[in-house]
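A, B, C and D label the chains in the order they appear, each numbered from 1.
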Amino acid sequence: MMPSDKTILLVPAPRKVADIFTENQLERLRALGELRIHDDAPPTQAEFEALAPRLKILIGQIDMPESRLRMAPHLRAIFNVEGNFLPNIDYGCAMSRGVRILNISPVFAEPVAEAALGMAIDLARGISRSDRYFREGTEKYGLDANRGAYSLRQQNVGFIGFGDLGRAIVPLLAPFHPLVKVHDPWLSREYIRSFGYEAATLEAVLTSSKIVFVVAGVTSENQGFLGREAFASMQAGASLVLVSRAGVVDFEAMLDVAATGHIRVATDVFPVEPLPLDHRARRADSLLLSPHQAGALNATLAGIGAMVTSDAELISRGLPPCLCKVAQPETVALLRSKPVDKS
Amino acid sequence: MMPSDKTILLVPAPRKVADIFTENQLERLRALGELRIHDDAPPTQAEFEALAPRLKILIGQIDMPESRLRMAPHLRAIFNVEGNFLPNIDYGCAMSRGVRILNISPVFAEPVAEAALGMAIDLARGISRSDRYFREGTEKYGLDANRGAYSLRQQNVGFIGFGDLGRAIVPLLAPFHPLVKVHDPWLSREYIRSFGYEAATLEAVLTSSKIVFVVAGVTSENQGFLGREAFASMQAGASLVLVSRAGVVDFEAMLDVAATGHIRVATDVFPVEPLPLDHRARRADSLLLSPHQAGALNATLAGIGAMVTSDAELISRGLPPCLCKVAQPETVALLRSKPVDKS
Amino acid sequence: MMPSDKTILLVPAPRKVADIFTENQLERLRALGELRIHDDAPPTQAEFEALAPRLKILIGQIDMPESRLRMAPHLRAIFNVEGNFLPNIDYGCAMSRGVRILNISPVFAEPVAEAALGMAIDLARGISRSDRYFREGTEKYGLDANRGAYSLRQQNVGFIGFGDLGRAIVPLLAPFHPLVKVHDPWLSREYIRSFGYEAATLEAVLTSSKIVFVVAGVTSENQGFLGREAFASMQAGASLVLVSRAGVVDFEAMLDVAATGHIRVATDVFPVEPLPLDHRARRADSLLLSPHQAGALNATLAGIGAMVTSDAELISRGLPPCLCKVAQPETVALLRSKPVDKS
Amino acid sequence: MMPSDKTILLVPAPRKVADIFTENQLERLRALGELRIHDDAPPTQAEFEALAPRLKILIGQIDMPESRLRMAPHLRAIFNVEGNFLPNIDYGCAMSRGVRILNISPVFAEPVAEAALGMAIDLARGISRSDRYFREGTEKYGLDANRGAYSLRQQNVGFIGFGDLGRAIVPLLAPFHPLVKVHDPWLSREYIRSFGYEAATLEAVLTSSKIVFVVAGVTSENQGFLGREAFASMQAGASLVLVSRAGVVDFEAMLDVAATGHIRVATDVFPVEPLPLDHRARRADSLLLSPHQAGALNATLAGIGAMVTSDAELISRGLPPCLCKVAQPETVALLRSKPVDKS
């Protein structure tokens, strides 16, 4: 490899290089420029200033205000390896300078979709609840075990939000031939129809669905938008699967309505993690508790390196990226409000 | 409807007519002949003898020895509404007389397949176990919760048995693009290949699969054929989903191997139901316990009437049935050894 | 291989052994018994009588009246390798003796389905017609070429008949999300609904469909049942794809209605083959002519041996066949009226 | 509707408003601002200057140099309704000002994909050629008609280019379970693998595929990149389906190799349209000629209005578009070299 006049800066915190990149992928990055890795601490301002003039690609979520962007005239891309867009970048400045801002959130879509399907079947068919009753010695058998059980097949299913994650659930549901309504105010009805689904109001999704997947991200506009009335408006016995962010629901209201037995809830996310040991959610009968594990497979982390490396190669060749999520000028300001992420 | 010279005898025990037939379906049966319903007790021998000369279709699993078959010269079909083939019919005699023997077991295939998928995701991703830990206050989060977790995606999957139930799982797995091996000694490799799957020995299925679906029925030849060595030969961390009959496994050996943590097991069937309250299975960590509920949805029972009615209509018109399982002369003697059934 | 006391008789006429069996398949047949091949002429009556006492499996469509069946007490199966059920077997006698009668018609389903899809797209989009106009120098371009063209996508599609062939078309159409009506008087509405399709009258299929697949076999009851009124009742511009038997349509009426431009027709079958050189069909503008080629690929013939061999193995082991079509007592008498076949 | 201070300028040439927008869609556009339609002639410079200060959305492909962009401070989006990116826009200037540049080319993907599938089956199975022989009186039947025919099933298939159009072919091929190689230098191997396909060199695609779909657009870099050697390197009897642009092939070389019978070719595009009447392509036996009709259905044009209207609504609400193709800064300069278009 020839010495390069370009620098690739890799600052994986809070992850570690070895968790997300293989040796082969690092080698591929080295082929794009001089690879500078800061695995333990971010570069100091002095270190940053020293490398900025040759900085081509930044992998990591260090602060990038206008002042730093201006120091890096050859910068082409910034990859967030947690999976979100943070408020520590001056997006407007970066975009006007032609810098791509990307994150690896699509890597979580498939594992979370699989877990969401497992949770939906669990709630509909009473799988974990029957296992619990068995352990308590109170199980019933056959038809008696299945009071209130239903199948996903040809069921009314609703999506609240329909981004990468919602779309990853689509093929998994296809064999069940569901009738699907989607509420996502950022998408057009024509786009939703292109999946064979129907665009609907939030109210229509809630009241007509037997199974509701909550896959909307938190934005500065939709904090806690699913509250007591929303849950109460759902059908008796309906299932709610929450796998995006706890911030989109009024968690206490959700527990209240589940406690009445009106709805069943599976949640992978919590307002505080770890959840306090004495939290009532731990004793709720209509609840399936998943400790933020839906996306965090080892194989998922391994996919991050592949995604970043291949898009970095494309960008280095002057081509658009094709796997990472690209920050859109219209929405990045709304999305970047929430620094937490899938593990 | 004109008075008919043919009789349809409906003896639904151990089910009830109202559980499996709608009024509309009963009306359709009446259009085929005089419908005689014995909902509480089977007909006495005298009652049977009185109606036998005009008997055209028998729905129910009363004894049908050669003597009774000979009394019913117009009999065309016998439908078992439990879902199996019992030894109380003289199959050879019936078949030589052109009597179709059918059962409604295909109605269970889809609900059991859905539950089996839910169980497979549960074992692979640790869904019910994490819920249990949550309730015990010992849950971990994110990657820490996922030690040993894996995805179904592009996984090595094995089937032991590949009848109606196995084939109903095929479309549900398709979105995960698994690599599938099938062991079913009753099927040809060419047939299995027609699904894009590979026919394999029992040993190959056990040792190469991360997830094994046991969907073989019990026959007079395969009682307990999955024993200690079989389970020990599986991969560390592999999942076994047992949804057909407890009789095909050595249940204690299965629990022993699961207790070591070598494999994870989900079972919908048990050697004795209800399981004794002090049975160690109730405390096993690597076990998912399902109280024979995989097939017994109310909607499943409702499907029985549709299946029987539509096939009875076809048979009355001199056409072959198309939904019920038809007893095959080669295998019915092997299958009819086990009188228990789903629900 | 030990000398066997059982005989497999292989009389492939009108095919040749080498066209349908590989050496490996013949070896597998030899493992089932002594393989006697009559590739050029059928066995004489004396030859037949000599081997009948040990005859276990007959592959070929020689005469099998009751007298011959009685000579062969160990006969278990008769395979027709043309693809039909001929009237030269005493079916009632054979069935009462437990002899399976089978044919290899399912091997034609996939290649014919593929050709039928190609023809349907051709008619809908005007592919071969535009090619013809190009060669005549009269082609138009773009929108002007597409007057009357339509897509299969979400189209109203009808099936007349829904056996192996119809069911092989189902997965090929799935990506187009058609709305399908099926007319098949031998099937129940519940069975048709299990494919997500709607059972309908012949009239409803004809009048509501933009594309009609005629995939019904000829029986003693349905000769020419699609006549002038049927074709006239179709929608203006609708497409008819005939890939089963010419005998189910009034061919001249079909040409008449196509000649008016009211419908478009693709046909793989003809009342007489070869079609007379001066036949008006050769000059029809709304017609796509296919010389009985939809099923007759070399790869299709090669599949016959695999199908027969694997089912012969199962039957020899006392198991039911799983790939060939099995003669049903109710319908074989209706089906066996037509000795012609694909190839 | 309140008077608006924003203007939507609609200049559909070379299309007509009535061909691509319904009244309902125009009403939806009017809800976004004052709708100014120039159906017959583009606005004069004076007219443009008068409305520029309030111009919010431009639908149409009029010249937009920097000078005009600067006059329109509120401009948010420019929609090309032909389906391409033309060189008459200053893309760099527009993008730095936050103006989205879009085209409706995705609307052509599905109809072209369907036609491409029809052409592929046609070439593989000899559909239009047999029809032609029939009309000439030289047809053969059955196996004799099928010399050299093959099925798409489990076939080696190659894609040259893999944009919207290639991806629209994917689901149509899925039922045939092909083994697919893709050559697209703008995409990463990881992205291609996410479809279950293999990224490959151009040489590997050409030499290993039985069916090759050419779906690459013309760029300033790939004019005529498929030449004599490329076609000669294909397998004997292989099929080439060209549905993107004639400019990517050396058309004469393609005809030469097809004339030898080495490959079969279907083409929807030609170097000159209409093709001269005496062009040898009109007499070629191994050629399927399609007069640029693959995408130009009336229903396709009707889809343009839906696509533009719904994306215009999203952009007006400050959201990213989701149906139109968005010009990417990296590639638009390469793509905008070719002003011709479908239909």
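The working rule: a residue touches a chain if its C-beta (ideal position, glycine included) is under 8 Å from a C-beta of that chain, and two chains touch if they have at least 3 such contacts.
As the structure is a computational prediction, the values presented were derived from the model and not from experiment.
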item	value
Chains in simultaneous contact with subunit C and subunit D	none
From subunit B, the most remote chain by mean C-alpha position	D
Gap in Å, rounded to a whole number, between the CA centres of subunit B and subunit A	38
Gap in Å, rounded to a whole number, between the CA centres of subunit C and subunit A	50
Centre-of-Cα separation between subunit D and subunit A, whole angstrom	33
Per-residue overlap in subunit B, given as positions that touch at least 2 other chains	none
Contacting chain pairs - touch in the sense defined above	A-B, A-D, B-C, C-D
Parts of subunit C lying in touch with subunit B, wherever the complex brings them together	95-96, 98, 186-191, 194, 306-307, 310-311, 313-315, 318-320, 322-323, 328-331
Sites on subunit A touched by subunit B in the complex	110-111, 114-115, 117-119, 121-122, 125-128, 130-135, 137, 139-143, 145-146, 149-153, 171-172, 174-176, 273-275, 277, 282-283, 288-294, 296-299, 301, 342-343
